[in-house]
Each structure stands twice: as C-alpha cells, then as structure tokens.
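Okay, so subunit A shows up in both of these, paired with subunit B first and subunit C after.
What follows is the complex of A and B.
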C-alpha cells in the first residue's frame, strides 16, 4: 500500500515536471531568436562603468549588489561546513604521510605555486579589459590551497584563527564597506565616484579573489578532514 | 522617484550583514555588544524607513544609480514595510531569546559561534528580499536565506535535524532552479529583470504562461504549500527552537511574498486564471490537511510545525479572488487579508515556537505528555502560548481573526461556498490541535522541572504574543499602511478604509 502511494506520488511529480517541460519548449520556440536582451544597453553604458569588459561591468558595477550577496553566500557556505564538524575532531594527518614529501614533488611545487599565484593576480588585473576577474583568480588561488594541502605542505586541518577567518570574510567585508562609504558619499548605495570607479572595482576584486581562494581551499580541507575521520572510524 | 539621497532602508540589509561578518571574524569576543548594536541599528533603520514612507509615500531606490533595466531597484511601499516590520519584530525577540538560549555548555558554545553569523545573514537576506523589485535579485536573496536556513537547522546536531536540513537543501535548490528558469524566460521575452518593466512589456501567450508556471512551481515548494509541504515539519521541528521560530514566521513567507508581488505586478494581462484558481485549491487543501495532521502529532514542535502548513494555506486562498471578472473591491480585500495574515501568523507562530522552546528546555523532553502541569510552574510561558493560540484560532481580538474575516466577506460577496467552509473548518481544527496542548499545560499534575528556564526566554515569547494581540487590535493603522503604494487594481477596498 505504501509503495503504491509512493509510486502515485512519483508519477504525479513526473507528470507535473513533464507538463512544465512541454510548456517551456513551446515558450522557447515562441521567443524571438534575434533577441539580444540587454547586450546593447550594457555596451552603451560601459564607458561610465570604470572598466572595459562587459562581464566585469555587470558583475561589479551595474549589478554589484547581486555580487555582494553572492559573496555572502560563499561565506555562509564556509560557515555552514564548519558548523557541521564533529564535536571532537581528531584530525589525523593522513594527507601528510612522509611518502608525499618526495623531493621531486617539492621542487615541482616550488615552481608551480608562484606561477599560479602570478596567473591569479594577472586574471584579477586583466578582468577590467577581457575575460578574467575575481572569480577566475580566486579559483586559481583555491587550487594552490588544494595542492599545498594534499601534498602535506599545509596542515590538512587549518586552525580557524582570527587571521584565517579574516581572510575568508575579507571580500565581503571590503565590498560591504565600499557600499556603506559610497552610500555616505554619493547618496545611493554602490554608486562609485566616476573617476575612481576602475580603482574601486580593482580593490574589491582583489579582496574578493583572496576570499574566494581561501574559501574554496578551506571547503576542500573540511571535506578532507571529514574523509580522514571516516577512515579512522573504519576497523 | 530617483534623486533621493540614500534611504534608511539600506540599513535594514546592511546592519545585519555587518553584524554577521563581524561576528564571523571575532567569534565569541564582544558578542553581546555587537548583537545589541546590530539590533538597535536595524530597529532605527526600520523606524526611519517607516517615517520616510509615511511622509513621501511609496518610493523607489536605484542601487548604484543605474536604474532599470541596467541596475537593481528597490521598491519601498506599505506591503514591503509591513513585512519588514514583522521581520524586525520577530528578529529582535528571537535574538534576545537566543542570547540566553545558547548557554555555556561546550556544545552550546560551538552552536552559538555559528548561530549568530548565520542568523544575521539570514535576517539581512530576508530584508533584501522584502525590499527588492528585481526578479534575479530575488533569486539571490532566496539562495542566501535558504543556505543560511539549512545550516541553522543542522545546528541542533540531532540526526533528524541533519536529515531534515539535507532534504530542505535539495528541495530548495531544485525550487530555486525552477524559479530561475522562469525568470530567464521572462528576461528573454522582455529584456528586463525589473518587475514593473517586465509587466509593461510582457504579452499574454505561451511564453508568459510557461514563465508564470515555472516561477509558481518554484515558489510553491519554497513556501511549503500543500502538496509540497512535506519537507517542512521535520525541518522546522528538529531545528533549535529560535531557528524554528524564524523559519516558520519569516523564511516561508519569502516565497509567498515574491509570488504575491509577481502575481499582482504582472496582473491582469499575464496571469492565467487557472494558475490563481489552482493556488487557491492547494491553499484550501493545505488548511485542512495540515490541521488534521497537526491533531495527530505526539510531539509539541511537530504540532506547531504542521500548524504552519495549515496557516500558510490561508495565504494562498486569496489568489483566486484575483481572477478576471472579480470586482476590485473583492480582489483588494483578499489581497490585504493575505498580507495581514502573513504578519499575524508570523508573530503568533514565532511566539509559539519560542514558548515551546522554554517548555522543552524545562522538561528536557518534547512529547506532548511532558507538558502536563507545566502551566503552574511557568505561567508566563503558558500565557504566551494562550495569547498566540487565540490569534492562530482566529478568535478576536487576536491578529488571526481579521484576515480570515476579510477573506470570508470576500467569499460571501463572490458567492463562493468552498472558501467559507474551509475557513470555518480550519478555525475549528486549529482549536482542536491547540487545545491538545493547553489541556496538558493546565492539567493539575505535580511535576518537577529538569532545568528552570532563564526568565528572559519566557519574556521574549510573551513579548511576541502580546504584539500579536496588539496587531489584531490595530487593524486600521495596518490597513492604511498597506494602502501606501498598493499595486494597481488592489487598492479599492483599502481606499474605503478611514
């Protein structure tokens, strides 16, 4: 009986979703294939945005408020993962077994890490002109964290000292302070003074890239911690 | 109405967010000070927003000064400020309660460490949601509030809380994506994300229908309307009590708010009668089904959580009155009734969950029979429960009476029988499930309290319960607040209010 009801429910959900899919297909076919959305409006406003690349202009200026909230989402994600840790976390350092410390690996890291860090900085800088920006740069910084943690150069579980917490929150904090300062200066939230717009965006992007990188690396390490704990539980 | 200098409404989003990030960095140090400053600043921002609304009427705010369609806009009108008022009232009570609720035991210390930043981010996101008039920005606020809510549910650390929060996470993600898909369709069709511009450019047809249905489907899951309510009871009942209060009073209202804004904003051209009628049917079914299940529960917080399923149904019973051919008088009465119900349920439900937290703390158990005789030991909490219960049952002078009465008169004017039957039955069933609680509370059994609760917990619950009665007594100010900037086609009834 129970499975019967369950099947009926599943059938109902599938029917509703199928109906929505058919309607969506009809709607998509009815849309204007030449439609350009806001592309022209964005291009026209680029000169006022302080940057030359439309993506950066939309993310950091026109719709900067959305990005501010998205960075808060990332910060909440880190807090959420941290809040789930087992009450007593015996963080065995499986990832740091001496086997990982072989000389070739260490030399390789010594070459790669500075290169990646430089590329990350380049991406943040170049975001004003071409594809790039805080998210790409941050992803590369995160990759550095993953490499260092999985080769045992960084301890796999970082103590959440105030410096670490500050690095995670820096992007949001800087962005929010800019919002509050511009509010005091220009009268509307997140309206950058025009001659400084490019510089303000670069400052925000730099802080964002740092926080995104640190957050991604910490999310990876939290997962690694968890895996370690599980392995210890096993007989 | 651009050209206004920065409105105080920005503080409603900014101050809780600032408090959240400061508490995330400083952890336990200076917590009371930061929390106190955040609460005070947010309250001041609300009062100033209300003052400005009363002096200049409904106004708009372009963030970044770009204006739609390029930038994001806020719209501050009576409906928005009413919901913000609810959020600030519940938020302050819950925060004061939580300072005492998360004590000094080791587990509690860890919970408090994460509760504060997560809760303040949730608060900030809700205020952003109530202020916004931008379809994509609503998606972002839904994501932020949803993720914070998931983490807050899991904070209690119980196995059922983890299950409940994971289920909520998966469903909320799916629901957000359905909503986002609908927004993408609207954007492709109109080239704007601003609700007013979309409404002006959208023409009825398959595109509008698909978009409305996708948005509705997503938001129905978000606001736990029957039959998509199944995630709510386990999530709301297993969370720590202050979190339950916030979830039931505020978070589920977010989905309803966006849906009501979208439907009234795109009304009448791009809204299909069938969708409105369907929402009404589901709302009615939610009232009956939620109440019946509430009567069958054996645990205090599950009774209250199923009552949320039922009370949310009333909100959606207003939608069929917006169908074509219904007079503006009736449509606006139903609209105002739904907005009023959102506030009255929020206050009463938050008070109930906070009081439930006190009782569970005192007894160390949460089954209904554990309540026997507690009324004599904790008269303040019992009073809070009784006052909140009066509001939920829809008995005057509780705040739950008038909204249901407004919907009832709308149904009578339209000559519809079914809504009347549901409204009366729902009220009776509410008496049924609430008296199962009261009967035990007031029993003459002699019990020993496991932990006498801190006084402040009781007072926070009582404060909200009294506020829910005050809200019921001050219907005129509330209706005249709703009149400010009421959506086109939904003002006639409010105009007739003195």
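What follows is the complex of A and C.
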C-alpha cells in the first residue's frame, strides 16, 4: 500500500514537471524569433560607458548596481560559511601526502601558479574591449587558491590573517566607495563621470577579481575542511 | 533553429533538475539537481539572447552574475548539509521514520 501511494506520488510529480516543460517550451516558441532584446540600446550607449565591450559595460556601468549586490552576496556567503563553524582540520588532509614531500607537485605548482595568475591579470585587463573581466579573472585566481589549498601549501588557518580578510572585502568596499562618491558627486548612485569611467571600471574590476578569487578559494577550503572532518568522524 | 535546439535542451535540463530537487531524498543529490536546474536556466537565457543575430549582452551579464551567486549558494549549502550531518547524523531532510 505504501509503495502504491509512493508510486502515485512519483507519477504525479513527473506529470506536473512534464506539464511545466510543455508550458515553458510553448512560451519560448511563442517568443519573437527575431527579438533583439536590449542589444541595440546597449550598443547605442557603449560610447558613454568608458569601455568597448558590451558585456563589461552592462556589468560594471549600466547595471553596476546588480554587480555591487552580487559581490555583497559573495561576501555574505563567505561570512555565513565561516560563522557556521571555524575550520578545524588543516586542508592538507584533503591530499593524504603534503606537497612538500612531492617534488613533481611542487615544480608543477611553481610553473602553473604564475602562469594562471598572469592569465587572470590579462583577463581583467582585456575585459574593456574583449570577452573577459573581473569574473573570469577571479575564477582563475580562485583556481590558484584551490590548487594551493588541496596540495596543502596553503594552511587552512589562512582566513584568520587580516590580509586575506581585507582581500575578501576589497571588492565590495571599493565598489561601495565608488557608489558613495558618485552619489555625493553627481547625485546619482554609480553614475561615473565620463572621462574617468574607464579608469573607475578598471579599478573596480581589479578589486572584484581579487575578492572573487579569494572568496571562491576560501569557500572551497571551508567545504573541503568540513568534508574531511566529517569523513574522519564517521563511525 | 539553433536557438530552438538550445532552448529546448535548456528546458529539459531545468525540468530534470527540478525533478531531482523534488524527488531525491539525499541532500547532496538535491544540491546537484539544483545546480543542474540552474544550468538549464542559464543556458535558456544565453540561448534566447542570441535570437536577433548579435547576442544581447544584458542576459549574458545576468547569467555571469547568476553563476557566482549559485556557486556561493552551493558552497553555503554544502557546509550547512555537512553541519547537519555532524549534528544529527541525517543526510536527508525528513526523519527516516516519517518518510513514506
């Protein structure tokens, strides 16, 4: 009887979701196939934005408010993860053998980390006129953090140092400062003065990339720490 | 045509993810399902942005923002689930005896 009810429930769930899929597909097919959305509006406003790439212009200028809130969410996520409980186990336990004992790993890191860091810097810089920007650069920086943490080079107590905490907050603080200055100067939040727009965007993007990279790495370290502790505690 | 293929694939991913989120009892499976569903939503937005020739940058910007948000939410959820496991030993939301 119990399995019968469960089967009916399962069938109901599948039916509801199939209905949702059909509804969504019909809605998508009903859209204008030549609809251009905001593409023309954006390309018309590009000369005012201080950058040449439309995506960066939208992210950092036209919809800068979204990005400000996004970096705030990332900051809150890091704080929430930390407040759940401070890491107790060193991250080196993710890899049973610490990197110091493995020369191949150390040399590999020594080659890869500077290259990835350079690529991250290039991505942030190139975002002004090509695909790239703070998020791509930040993701690469995060990858460096993940590599260093999972090879045990980075101690898990690293988040207690003031430098790391400043790096986590830097993106939000710089962005907030710009928001306050523009609100005070021009009376509108995040409306950059036109001759300075490119420079302001680059400054924000650099701080954002740093914060995103460090935050992603710290989130990884926190989750990996829990997973390790959790495995050892298990009966 | 390309846009239609990608949009339909995105809807399939989204619904598949919702199914897992709804029906899989294990918290980690729910989390993976949630990420599949959000991948579907992102794919749909990117696909629809491509309708009129050159892509519309606004949905692309929204997706880029959404990816970072979903990564932070996932990390938080993983830590929350691990904490729950350590406190109660449970890996599912319901109590085992209450489940049908």
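As a working rule, the second predicted complex is superposed on the first by the 192 of 235 C-alpha atoms of A that agree within 3 Å, B and C clash if a C-alpha of one lies under 4 Å from a C-alpha of the other, contacts with A are read in each partner's own complex, and residues count from 1 in each chain.
Following the convention adopted for this analysis, a residue touches a chain if its C-beta (ideal position, glycine included) is under 8 Å from a C-beta of that chain, and two chains touch if they have at least 3 such contacts.
Predicted model, so just to flag it, every value in this text is computed and none were measured.
**Student:** Given the alignment on subunit A, is it a clash or a fit between subunit B and subunit C?
**Tutor:** fit
**Student:** In the overlaid three-chain picture, which partner chain does A:73 touch, first (subunit B) or second (subunit C), both, or neither?
**Tutor:** So A:73 meets both subunit B and subunit C here.
**Student:** What is the contact status of A:35 with respect to subunit B (first) and subunit C (second): first, second, both, or neither?
**Tutor:** both
**Student:** Look at A:65 in the shared chain and tell me whether it touches subunit B only, subunit C only, both, or neither; answer first, second, both or neither.
**Tutor:** After superposing on A, A:65 lies in contact with subunit B but is clear of subunit C.
**Student:** Quick check on the superposed pair: does A:5 touch subunit B, subunit C, both, or neither? Answer first, second, both or neither.
**Tutor:** second
**Student:** What is the contact status of A:212 with respect to subunit B (first) and subunit C (second): first, second, both, or neither?
**Tutor:** The answer is second: A:212 touches subunit C but not subunit B.
**Student:** Once chain A of both complexes is superposed, is A:26 in touch with subunit B (first), subunit C (second), both, or neither?
**Tutor:** first
**Student:** Would you check which partner chain A:222 touches, where first means subunit B only, second means subunit C only, and both and neither mean what they say?
**Tutor:** In the superposition, A:222 contacts subunit C only.
**Student:** Between subunit B and subunit C, what opening angle does the Cα centre of subunit A see in the overlaid model, nearest 10 degrees?
**Tutor:** Superposed on A, the angle at subunit A reads 70 degrees.
**Student:** Which partner does A:55 reach: the first (subunit B), the second (subunit C), both, or neither?
**Tutor:** A:55 contacts subunit C only, not subunit B.
**Student:** Between subunit B and subunit C, whom does A:189 touch in the aligned arrangement: first, second, both, or neither?
**Tutor:** Touch status of A:189: first partner only.
**Student:** Between subunit B and subunit C, what minimal C-alpha to C-alpha distance in angstrom results from the superposition?
**Tutor:** Checking C-alpha atoms only, subunit B sits 6 Å from subunit C at its nearest point.
**Student:** After overlaying the two complexes on chain A, where does the subunit B footprint on subunit A coincide with the subunit C footprint?
**Tutor:** Overlap of subunit B and subunit C footprints on subunit A: residues 20, 24, 28, 31-32, 35-38, 42, 63, 66, 70, 73, 76-77, 80, 84.
**Student:** Using the touch rule from the top, collect the residues of subunit A that touch subunit B in their complex.
**Tutor:** The contact residues of subunit A facing subunit B are 16, 20, 23-24, 26-28, 30-32, 35-38, 41-42, 45, 61-66, 69-70, 72-73, 75-77, 79-80, 82-84, 87, 162, 165-166, 168-169, 172-173, 176, 179-180, 183-184, 186-192.
**Student:** What residues of subunit C sit close enough to touch subunit A in their complex?
**Tutor:** 3-4, 7-8, 11-12, 14-15, 18-19, 22-23, 44, 48-49, 51-62, 64-65, 67-69, 71-73, 75-76, 78-80, 82-83, 85-86, 100
**Student:** Across the complex, what residues on subunit A touch subunit C?
**Tutor:** 2, 5-6, 9-10, 13-14, 17-18, 20-21, 24-25, 28-29, 31-39, 42, 54-55, 57-59, 63, 66-67, 70, 73-74, 76-78, 80-81, 84-85, 135, 212, 215-216, 219-220, 222-223, 226-227, 229-230, 233
**Student:** For subunit B, which residues are in contact with subunit A within the complex?
**Tutor:** Those in contact with subunit A are residues 4-6, 10, 14, 17-18, 20-21, 24-27, 61-66, 69-72, 106-107, 110-111, 113-114, 117-118, 121, 124-125, 128, 136-137, 140-141, 143-144, 147-148, 150-151, 154-155, 157, 178, 181, 185, 187-189, 191-192, 205-207, 209-211, 213-214, 217.
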